[in-house]
Structure formats: structure tokens, C-alpha cells
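Below, chain A partners chain B and then partners chain C, in two separate complexes.
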Partner chain A sequence: MSYLEQGKISGSQLVILMVGFLLGSSVVIFPGQAARQDAWIAIIIGAVEGGIFALIFTTLARRFPGKTMVEILETVFSPYLGKLIAVIFVWYAFHDGSFVIRNFTDFFTTTVMIETPNIVFAVLLTIVAALAVGNGLEVITRCSLVLVPLTVLFLLVTFLAQLSQVEWTNFLPVFEIPVWQLLKISHSAAVFPFGETVFFLMVFPFLNRTKECRRKTVIGVLLGALLINIIAWGGIGVLGPTRALFTYPAYEVVKMFNLPFINTRFEIIVVINFLTMGFLKLAVLYYVTVLGLGQIFHLRSLRPLIIPIGILMIILSIINFSGITENFEFNTTSNLIYSTFFQLVIPLITLIVAMFRRLPRRERGC
Partner chain B sequence: MLIIILLVFITLALFDLPGLIRKKYWRELAVYSGLMLVALVLSVLMLLNVQLPAVTTEIGNFIERVFFKKP
Partner chain C sequence: MKLQNRLTFSILIIAMTLIGSGCWSYRELETLGIVSGAGFDLGKDPEQVLLTVQVIKASKGKGGGNGSLGDGQGQGSRPQPVAIVESNGATAFEAVRNAVSKFSRRLYWPHNQILIVGKEAAENGVKNYLNFGIRQTELRPTAWIMISPGKAGDLIRAPGEMGQIPAMEIKDMLQAQSATSEIGSFTFYDFIERLMSKTTAPLATQIRLNKEGEVELAGTAIFKGEKLVGFIGKKETRGLLWVIGKIKSGVVIVKAPANKGKVSLGIIHAAGKIQAETKNDSVKITVKVNVQSGLGEQTGDLDTSKPEVIKSLARREATVIRNEINAAFKKAQELNADIFGFGEAVHRADFKAWKKLEPRWDEIFPKLKVKLIVKTNISLNGLINKPISQK
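Moving on, here comes the complex of A and B:
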């Protein structure tokens, strides 16, 4: 048991936190958009693939109850090699956090507040996330208990309200693109966002009952897939082929609302969704980075890490790409391999090595 | 502008440094100072409009060169 985090969360809290984490940036950029009207199929296949990733890394977590990913790596590999791999793993969380900040600032500066500089949103979001991280895992989880039901409610309300505008022919023809390409797009949906649940390897030890982690992760991924599919259905049904013109289809869908007797301009609902879910996703990634780094250096307190990591994350979010197109290009090409390495290869190799070394050794006396 | 950045960093350091020194957390202090120095240097470089490498684009280019055999 780690002394850096005394908090405990229950299984159902983990599910809600995971749903919020999965919704994250997906509330505005739903995955699998390259599959056009088959995006919803790509999301389902992607969720199944993400579920398979989840089975692998939860097997690892169940093998080492009470240990975070960093401690597992240090146990399975030697302390030095394990630390090296742990640094790479923590880098991935850090890098992913900077993506969230970048998506967040890009969204706000292209849709809502066009004349405000990027850095304002980055700093404000990071300050709020830093406060949550400073208060520990339990506080982040409790934030999710308030924010996720609100977002789900908003999603369902907007979905029901846009049903009248759905053109059902927009879903046809089904399976238009070749299977091989569909699988490739599904894989991009699997690595973003479903496979990203691999970061919960740093959270599982703080569950009340660690053995529950596999069932709860699978439930979380399925619920997340359903909610993301609701967003995708709206995007496909309402916008149709014009969807390709927009950077943020989910936002445009709600912008097209025209309900009787009620004022329009509902799109702020999508902004609120992204505001809350982006915060939640960033808070989890920020927390994983801080906790991971603290365990790598064997620190006695996490507080001194919070401010520098936050500043570095903001800086990385700015220098990540030179433009928004590079962001989308990275997500559709190189990220398929880059993320798979962290989400599948590292947990799988760790599991195999642990099996061969018969770790963890039972106290049996030899 | 440079002075503002320095002031911000000094203010942030005043949050954490006294506690660390009082409790004699030297290892934490070393990690903290290292990360803060990197952050300070990068912020000043960005302020001076130095072209920093686009990290993710470079990672993407590297992966494409290795796996997709692009020049």
C-alpha cells in the first residue's frame, strides 16, 4: 500500500470516474470520424478492442493487488530497468495530459472565445486540475460523482431533442468502406479513448476490493462506448455527409437546434460538457503523472511535484504541434502505433515476464 | 515580460519551498528544483520566441520513418 495516497474509492465510484475519463475529449471529437456513416460501428469494434486491452491490464492488476503500475514494473523487472520503463509510462500520461489541454484550448479558441489567447484557457484549466490533484484521488472521484451524471443528463436531453432532425437515410449505406480500413479506424477508436483506461493501473490499488477491478473496468468501457455512440449517432444522423466540414461535429449538431417556444443557442451545453469532462480527464492524467513520478523518486510527499508538472504540461501542450491539422494527422496515423505500445505492449510484456518469473512469490518458505 | 515570468515563478516557489526546507525533505527539494528550472528555462525560451521542437510531430515523424517507411 502506498503511503502517498491514503484515499479509498469503491467499485461503483471507479465506474463513474472511468466513464467521465472516457467521455473526456470525446464529447466534442468523437472517435472514428474517418469511417463516415459507419463511425458508430467503428466505435463499437473499438470498444471491444479496448475491452480486450482492459482484460490484459486488469489481469496484471489482479496479480499484484495493492501495487501501482510503477511498483509492478519495479518488482517484475529489476529496480533500474523497471524505473526506466516506469519513466516511459509516466511520460505517456504526461503527454496525454498535454493533449487534453491542447484539445481544450483549441476548442475554446475556435468556437466560443475566439479572440482570447490559448494560454488563458490552458492556465485556468490546469489550476483547477492542480487543486483537485492536490486534494488526492478521493476528491477527483467525488468531482466525477457530481459532474458525470450531469453530463450524461445533458447528452440524453440533447440526443432526444435532436431526434426530430435526424435523417435516417444518413446512416445508409452501412459497411460502405472496406473491412481492412474499418478495422484500422476502429483501432484508432480503441487507442483513443478506450485503451487510455490503462492509466487506471495507477488507481486500482486504491479500490476497496482490488479484485473487482476487471468487472468494473469492463462495465466502465461499455458504458463509455454507449455514451460516445449516442454522440456519434447524433452527429451522423443530423449532419450527414456535411459532417466532414466541421472540426467539432458534436458542437455543430447542437448548434442546429430549433425547438419551438424555447430560445435556441443550446451549443453552450456542449461547451459545459467539455469543460467538465476535460477537467476530469486532465485531473486523472495529472494525478497519474504526479503519483507515478513520486513513486519513481520515492518521495515522501506529492505536493512539491504538482506545480512544476502543471507548468511543464502547459508548455508541452503549446509546443506539441504547430497547428490543429498536425493534431488530427498524428491522431489518425502515428498515434495508432505510439499508443498501442503503451496500452498493449508494455502491460502484456510485464504480464508475460511476471508469469515466467512466477511473481509475486507467495510466502511459503522454501 | 521577463520580470513578470520571474515574479510568477518566485511566487510559486514561495508556496512550496519553505515547507520543504523546514521538514528537511532534501530529495523532494532536488526533484522540485530540477523540474522548476526546466520549466523556467522553457518558459523564457518561449518568451524569446525561440523555435522549440514540435515534440509530438517529431515523435510522429519518427514512427512514420520506422513503421511506414516514409522518407
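Moving on, here comes the complex of A and C:
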């Protein structure tokens, strides 16, 4: 059903898009915070675990080149069961998109513009994302080509600037938390954000060479892990024991800047980072939702879906949680199992069934 | 593009520019009361909070205003560029909001430089005022926190010497302290970082009005948890700063050998390191201080070109430094407040043992024996090589 999406992206463009996606919400809330000074270890382990998820679903993608996840599900399971599972998968993308909107509005109303009602931010972000989605995958990817290097530059600059304020003793003692707890926290880092790369199953068919998807995904995960780690090192090193206090550690870290003549108020850089990366992540999730629905219902065009899905996402982001506390509680408890289902279980079972049924049949044509 | 599309697009762009650029909650400068310094005291009863703020008068002309609002005592004739506002409330947040009943502008905190807490309020517990500061996004965590032995309100009202905004002058004074390194400067954030540790004692600069009514920085205030427990003077503060490595510059006076007057040594570089070892539930702390100094002046006529003389001076300097550190340590042990962070050093070295030691730190600390190693090196002599004398 490639008439729904004509664009093609190259492997390196995929990597950049993926890095932008991973940085999405992590520029302000880096994962693994519960591990205190060992958060960076949790991030590395989480990235490895996310990489394992990636290996599983990229194997699935390579078995069915040119087919999106929805199409794969329809092929592997019977058309009706496949559509059902596809709907569940698309629901996860939709839900995740509403999380991104929710994090976005929470961040802006907590830090920068306190009196503006949530919905203003939600609507503004979604309009822009809708415009991007309406123009297709290539446009989203091209946006990422501009925005991601900019964000990476900002990250590196802020990291170098705060090196003078980093207290290396804040990283000690290492491995203080018990191992099983570290693994649990690593798992939460694996599902947010590394495991969310499962959505790229809908993007892989549009690669120039689908076989590359595995290598590029692993590179994307590694790069994302490195960048998120840089943010985490800044947070642990500069904030030390107070990092547990703050809702948005990356924001507070930049607030601490004390350079001689570039004095204060640098934290707007973190806000810009979140603005751009949040937009990218939402655009990808939005796109996955819309494309998925289009393929499930065999639509001829995606246009009529875009605005309704956007409105529904905004509404879900508002009614999902009653406050920021519930948001965080969900992320640290229920999300671990909820996400694992979509990120690991569904692709794994699909792969096993596909192998079992010896699909795709070699004797068929394209 | 079709006309309809263009129209929609233009409307969207205009709407987004208006909304997205933050015009929603914008405030004009005249409606803002820019706070430059704030002081917290106990209110009418210990449950209330008395807030005194210095608000900058930013008028269309220069930053200075005419007449003198606030106190007429002291230098009443000097025009003050600030207005003093006092307000009461059950909590810090409420006191801030209540200021509106006496003041036409809403307080705007991002330019706040100093936070002063009065002695009684600090002895009662400083957490009341901290939560407001760190939770609100307007207050900057890099504001300097100070304790006054009297009431914070008096210090906020004190006029500046140079006719500038008093809080800025205090801030500049604090930053200039690195010349002697006898006063430590601690930010709001440093305070909270220490407060979050169960054993390390939070610190704040001591600020007071001396007999001439001038604002003076005088030592350090020591807290145990959120309550003020004592003050230490300048000499002990420097002892503390040697250990935590916050000495930037300063002068150490040493008595010359053979009673040949005094020698001033200027500190070029100083670094302090705390190392902890645990052995069967007993704690051994080693403090290493490394100091590089240069010969500043001498009042006698020592021959400073001889290496033995320099070495002797270095040894004497080490003794002076050791005395300062010991003085600080003794005071800390008296108050049973771990101002150096020895507890956290143990934590970093051996967290398993720390789990057992931490609850008993209040018993362990006063009896703690610390091995102090001070290495001094006089590397520079200045421009002259021999003393100025008639020989």
C-alpha cells in the first residue's frame, strides 16, 4: 500500500530521525533517575536492553521488506486477527503521542509560561505536527535533519559549559543501589525511551534499502544513549544529591550556570531543545498512528484522518492524568509493563509465528 | 496557493505568533516590583512569617529615585534607589502574595540576589522559607543565602554605601571576599544540597550591622538540619574553607624566625581533599591541604634568597593553616555539626559501612580524630630578593 506514502528516506536520515525521536522527552526528564548517582549505568543497561528489542523487531522488518507493521501483522496472522492486533499497536502509538503532548504542556506550564492554560500549548504543538504529518514522512525526516544537529550542538555546548561546575565526587559511590533495583530501573529506561523505537516498524519499509534497518537502528539507539548520557552526566555531576528534588533536572542544571559574562537565564536553551525534539517525537508518533489507521482500513488518502486524530490526541492528553504527579507515577510503575507488551511481546510473538509459518513464502512474487 | 489556503495560513501564522511568543502572560515593567533582596523573620507569632523586600525603583529616567522611602533613620538624606516593603503571612508564599496589600506592584523575583534570614527565624527552622524558594520558578537558586544575628529586616533596610542598590552592593561585597577568603559565600542551592544530606551541616554567610550601622560580613552560620546552631568567626571560617577547597586568594601572616618581624604570604592556589577509610566500624579521616603561596611582604629583614629561610617560612605557614583548620574543627565538634562533609566522604568511600554508621554519626563525629596533612610551598618571591635594609 505504498500509494499512501510515496517518500523514501536514506539510512543516515533514519538514524538522525531516530536520535531526534529518542531525545524527544528525554532532554528534560532523563531516564533512570531513580538510580540516583548510578543513573548513567541504568541508561547504558537500558540502551542495551532496548537494543535487544530492536534486534527482534528489525529481524521481523527484514523478513518482510517493504511492508509496514500493519501489513506484516495482516500477513502473519489472519486478516481479521491481524487487523485487530494492528489496531492495538496503533492505539499504543496514539497513546504515546498523547503522552508527548502531555509532557510538553506540563513542562511549559511549570517552568516558562505559568499562567497560560495547557490547551494552548497542546493545540499549537499539534497544529505544527499535523502540518508535518500531512506532508509525509520525507518532510518529517528533513525537519529532523535540521533540528537534531541544532539540539545536539546545544547539548554539547551546555555540557561543556557546565563542566566547571561538575563535582566529580557526586558520581560516587558507584553501584550503591542493589542490583535487582538497578535492573528494574534499567528496564524503565529501556521502555522509555529506547524501546519506543518499535514504532519505526512503520517507517522501515520506506528506507532505500530495507536491509539496513537493523544496523541503522542499533546506531540510532547507541547515539541516542550517548546523548542522553551526556544530559544525565550533567544532571548527576552538577546537581548531586539534589537531583531527586527537581522535576526537570536538565532545566535546573542549566539554571546553575555561572559563566563570567554570559550570566544567567540560559535555561531557555533546554526549553528550545524540548520544543524541537518534542515536536519531532510527536510528529513521528502522529504519523505512525495516521498511517497505521490508513492501512488498516484501506483508505485511499490520509488527509481526512489527520485533524481528527490530532484533536483526539489533545483530548486524551488532557484527560489522561489529573496532574503531573499521576504522570510521573504512571511512568515509574504501570508503564514498565504496559510498554513492554507493545515493544517486546507483540513483535516477538509476530516473529515467532512468522518463523513457524515459514513466512514470507519464497515462491510468491513481490 | 489558493486564496482560501493562503487566508487560513495567514490567520494561523498570526495567531501562533501572538499566542506562542508568550504574550499571554506578559507584564509591563511598571507593574513589576523587581526584588533585589529579601529577608525573612519571624512574624508576630512564631507561626507567622515576616518578609521584608527591597524593590528596585526602575523609573523612566535613571534607576535612582528621589526622597527616601523606607527608613528615615541612618542616611536619610541619601536618595535610595529601592523601596522597602514589609508583609506578613502564615507561610512564605502567603507573605509574598500579601505584599500586594501595601504595595502596588507584584513582586518579581528573578533578579533577587540575596536571601537573609534572621537569627530567631533560623533557629526556629529554615525549611519554611526554603520550599517556596526552590519550588517557584522565579526565585533563582544561585541567590546568596545569609544569616543575620539580629533581624533580617534591619539589613534589608540598610542603605547602600555607594548609593547603589544595597542588595547589589552586598552581592558585590560577597564576591569580593575571595580576596581574603575569610568569608565563605554560599548560595541558596549549596544550602539545600547540604541540607539533603543527613550528616553534613548547611552553612550560610553571617551578615550583620556593625556599630557604625554599616553592613558587614562576619563569619559563617552553622546549621544542624534546618535549625541554626551557632556562628563561627573569620579565622575558623578560613579553616573550614581550606578543607572544602574554597580558598581562592588571601593572606597568611607568619611570624618570621628569630623574631625578625612578620611575613605576609599571599595564597596563589589552595586545594583541599578529604579521604575517608573505614575499618571495622571505626572511621579514619585524612584531610590533605595543598597550598601554593608567594611572598607578599615582610616587616623585618629576613634574607629571603636563602632556601632554608623559605622552607622555614613554609613550615610556619603550614602551622598557621593547621591552627585555623583545627580551630574550625574544634568548633564544629562542639556544635556537633559536620561542616566539612566528612560523613559524605565516608559514604563515598564505603557505602555499606555508611549504612551502619550514618544513624550514629552524631555520636561518632564529636570523637572523630582527623589526620591533617598540610603541604605548603612558597613558589614566588616578588620582585625583590633581599630585604630592604642598610646592610
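As a convention for this text, the second predicted complex is superposed on the first by the 361 of 366 C-alpha atoms of A that agree within 3 Å, B and C clash if a C-alpha of one lies under 4 Å from a C-alpha of the other, contacts with A are read in each partner's own complex, and residues count from 1 in each chain.
Throughout what follows, a residue touches a chain if its C-beta (ideal position, glycine included) is under 8 Å from a C-beta of that chain, and two chains touch if they have at least 3 such contacts.
Fair warning: this is a prediction, and the values are worked out from it, not measured in the lab.
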{"item": "Combined model on chain A where chain B meets chain C, clash or fit", "value": "fit"}
{"item": "Partner chain(s) touched by A:Gly134 [first = chain B, second = chain C, both, neither]", "value": "neither"}
{"item": "Touched partner set for A:Glu176, first chain B, second chain C, both or neither", "value": "second"}
{"item": "Partner chain(s) touched by A:Pro65 [first = chain B, second = chain C, both, neither]", "value": "neither"}
{"item": "Residues of chain A touched, compared between chain B and chain C (which is higher)", "value": "B"}
{"item": "Which of chain B and chain C A:Pro360 touches, first, second, both or neither", "value": "neither"}
{"item": "Contacts of A:Asn320 with chain B and chain C, given as first, second, both or neither", "value": "first"}
{"item": "Vertex chain A; arms to chain B and chain C (CA centroids, nearest 10 degrees)", "value": "110"}
{"item": "Which superposed partner A:Gly7 touches (first chain B, second chain C, both, neither)", "value": "neither"}
{"item": "Chain B and chain C, minimum CA distance [Å, superposed model]", "value": "9"}
{"item": "Where chain A meets both chain C and chain B, residue numbers", "value": "none"}
{"item": "Touch list for chain A against partner chain C, complex", "value": "110-116, 120, 124, 127, 169, 172-173, 176, 240-242, 244-245, 252, 255-256, 258, 264-265"}
{"item": "Interfacial residue positions of chain A with respect to chain B in the complex", "value": "95, 99, 293, 297-301, 303-305, 307-309, 311-312, 315-316, 318-322, 326-327, 329-330, 333-335, 337-338"}
{"item": "Chain A partner contacts - residues on chain B that touch it in the complex", "value": "12, 15-16, 19-20, 25, 27-29, 31-32, 35-36, 38-39, 42-43, 46, 52-57, 59-61, 63-64, 67-68"}
{"item": "Complex contact set, residues of chain C against chain A", "value": "12, 16, 19-20, 22, 24-25, 110, 134, 137, 140-142, 189, 192-193, 196-197, 347-351"}
